[in-house]
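You will see two complexes here that share subunit A, one where it goes with subunit B and one where it goes with subunit C.
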Partner chain A sequence: MALSASNVSVGQTFEQVLVEDLKRTQLVMYAGSSGDYNPLHSDEPFATQVAGYPSVFAHGMLTMGMTGRVLTDALGDGRLLSYGGRFTSQVFPGDNLKGVATITSIDTVDGVPVATFSISTTNQDGVEVFSGEARGRLDS
Partner chain B sequence: MAIERFPVEASHVMMFARSIGDPNPVFYDADYAAGTEVGAIPAPPTFVQSSAQFDPDYFLRPKVGEPWFGSGKEPTGIKRESSGGGGGGGGGGGLHAEQHYEYHRPLVVGDVLTATVLEGKTWEKQGRRAGKLVFSETITEYRDQNGELVVTARGVGVRTERPATSG
Partner chain C sequence: MTIDQGTAAGSAPPSLIPAHTMALVGTRLRGPVTAVIAAKEAQRYAQAVGDLNPVYFDEAAARSAGYDGLVAPPTFVQYALVQGRPIEETRTDGLFQGDIPLDLAVQRTMFGGEEWDFLAPVLVGDEITAETRLASLDQKEGSKGSFVRITRETTYTNQAGDVVARTRQIGIAR
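Let's look at the complex of A and B:
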């Protein structure tokens, strides 16, 4: 289910709801799969009383991981050439996240069409929590 | 820091895909994956982050017989003001600021990676709420069983003077 250069255009967007009412249990699942057991993400007494945060909060990489699905669902698997970004705001339990990828250019690299995307993941208040860019290979 | 052996395994990809809420069958069903363009179960785009599981010294994993800074009877198992080790991947006093990946080919189940970590630049900024911010960059090269580069990862960590509550 790959995208073809002939049926996409600059400005086209791909959007997905990534999570609604993010649960602490999902943070535990991500800790377990990624191996990042930082108590900031699963240990309420530590996060609030020692580190001074209002509650535990999501691994930035969980947000980036959830957002990656917008790209792989749009492009097809195994077609990403690059994916990166910055964590611009924290994600807390209870948050709803939406990911949007927008095609900003379509180029031919070594004879292969490549789309560049800008990526923005926002929460229920419209605050951007992850801002990134990706490139992926298209069918000609 | 280096990781000598990071085998990309189907059950790990399954758990990782579950944890990021991705229901794509390609991550759960080897037969389905065999019929796709990649021809095998691919790793989700951010999967190499889980190489921490194969780093024997990873500081954000409790280890038998060693103190751990998370809570037990007390809010922290280590008595000190600072909230623990910090650094590139978002440690106690440090948070993850940026992450970038370059994919040289699709990473798939069955690959066996090694990882070498290079220290990158460091720089400072004055934050509005969190005080002085010290950024540090690490570059991790993931190579396959043939020594070929598969993924290059560039992470930026930030250490803050005060908790960085934002948003």
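Let's look at the complex of A and C:
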């Protein structure tokens, strides 16, 4: 299932639905498994009354982790070289997220073909919540 | 929290970064911290992010994919190193659990972004050591006022001495 340099091209996109109707339970699962207990992500009265948000919202790294699957599923295991990005809008319970990775360049690094991707995760309103870049090794 | 307002010329905004905090740039904020990658923890993380790749769950699948055992999801390694804390010690504001707190003239630190370099696979049973340094502190002026961009760089090294990953985490403090 790995990508081969001979069958990918610049501009090619990979898209996945990351989550539909994000549940508060998933935020709690993420808090527990990451050890990030920031109450903005789990405590509704704190998030709304103290911090002034419309509700609790997802950990940025939950969005980044969910989005990473677009890359690891496309590239195959163990081929992701770098991955980074910025959180541009909050993700709230009930949101639907879609991740799109687009190949922006294909280069040869130390004899190995490497694809660079731009990544954009958007919600049901088309608002970008995460934007990033990644590089992954292709099979020759 | 105190801050030296200084005597900035003209309308330059006051510094949010006290000198004793700026002096920490380049120094170690956390670690070295060592932990062993546990299967159940890695699997709970994979389930939380909805990544159900068999190489995380099925040893035979991992071996047939060429690994010596179960694999940890790409960004899990940083959570394997998070130390449990009793609730009395849990902070109410930011994400970062640095052993050395950063004194800044701000209300809240939010997570702005993160960059990873993946250099080698992380397997269940690996003993990973992490060390975090304060890479930079930059005061910026945004549409909602002054903020501080905090960059922390963490290096993860396995029991063989191989660096398996590096992260640069961006905090936005305002």
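The rule we apply is simple: the second predicted complex is superposed on the first by the 140 of 140 C-alpha atoms of A that agree within 3 Å, B and C clash if a C-alpha of one lies under 4 Å from a C-alpha of the other, contacts with A are read in each partner's own complex, and residues count from 1 in each chain.
FYI, a residue touches a chain if its C-beta (ideal position, glycine included) is under 8 Å from a C-beta of that chain, and two chains touch if they have at least 3 such contacts.
If you're wondering where the values come from, they're calculated on a predicted model, not measured in any experiment.
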Combined model on subunit A where subunit B meets subunit C, clash or fit: clash
Touching partner for A:V114 - first (subunit B), second (subunit C), both, neither: neither
Partner chain in contact with A:P45 - subunit B first, subunit C second, else both or neither: first
A:V8 touches, of subunit B and subunit C: first, second, both or neither? neither
If touched residues of subunit A are counted for subunit B and for subunit C, the larger one: B
Contacts of A:Y37 with subunit B and subunit C, given as first, second, both or neither: both
First, second, both or neither for A:A58, with subunit B first and subunit C second: neither
Which superposed partner A:V127 touches (first subunit B, second subunit C, both, neither): first
First, second, both or neither for A:A74, with subunit B first and subunit C second: neither
Touching both subunit C and subunit B, counted on subunit A across the two superposed complexes: 18-19, 26, 29-30, 32-39, 46, 51, 59-62, 64-66, 68-69, 72-73, 77-78, 80-87
Residues of subunit C that touch subunit A when the two form their complex: 41, 44-45, 47-51, 53, 55, 65-67, 71, 73-75, 79, 82-84, 90, 92-95, 108, 111-118, 121, 168, 170
Sites on subunit A touched by subunit B in the complex: 2, 18-19, 26, 29-30, 32-40, 43, 45-46, 49-54, 59-62, 64-66, 68-69, 71-73, 76-90, 123, 125, 127, 129
Subunit A-facing residues of subunit B, complex: 12, 15-16, 18-22, 24, 26, 36-38, 42, 44-46, 49-53, 55, 58, 60-62, 69-71, 75-76, 83, 89-92, 95-103, 106, 108, 154, 156, 162-167
Residue ranges of subunit A in contact with subunit C within the complex: 18-19, 26, 29-30, 32-39, 46, 51, 59-62, 64-66, 68-69, 72-73, 77-78, 80-87, 132
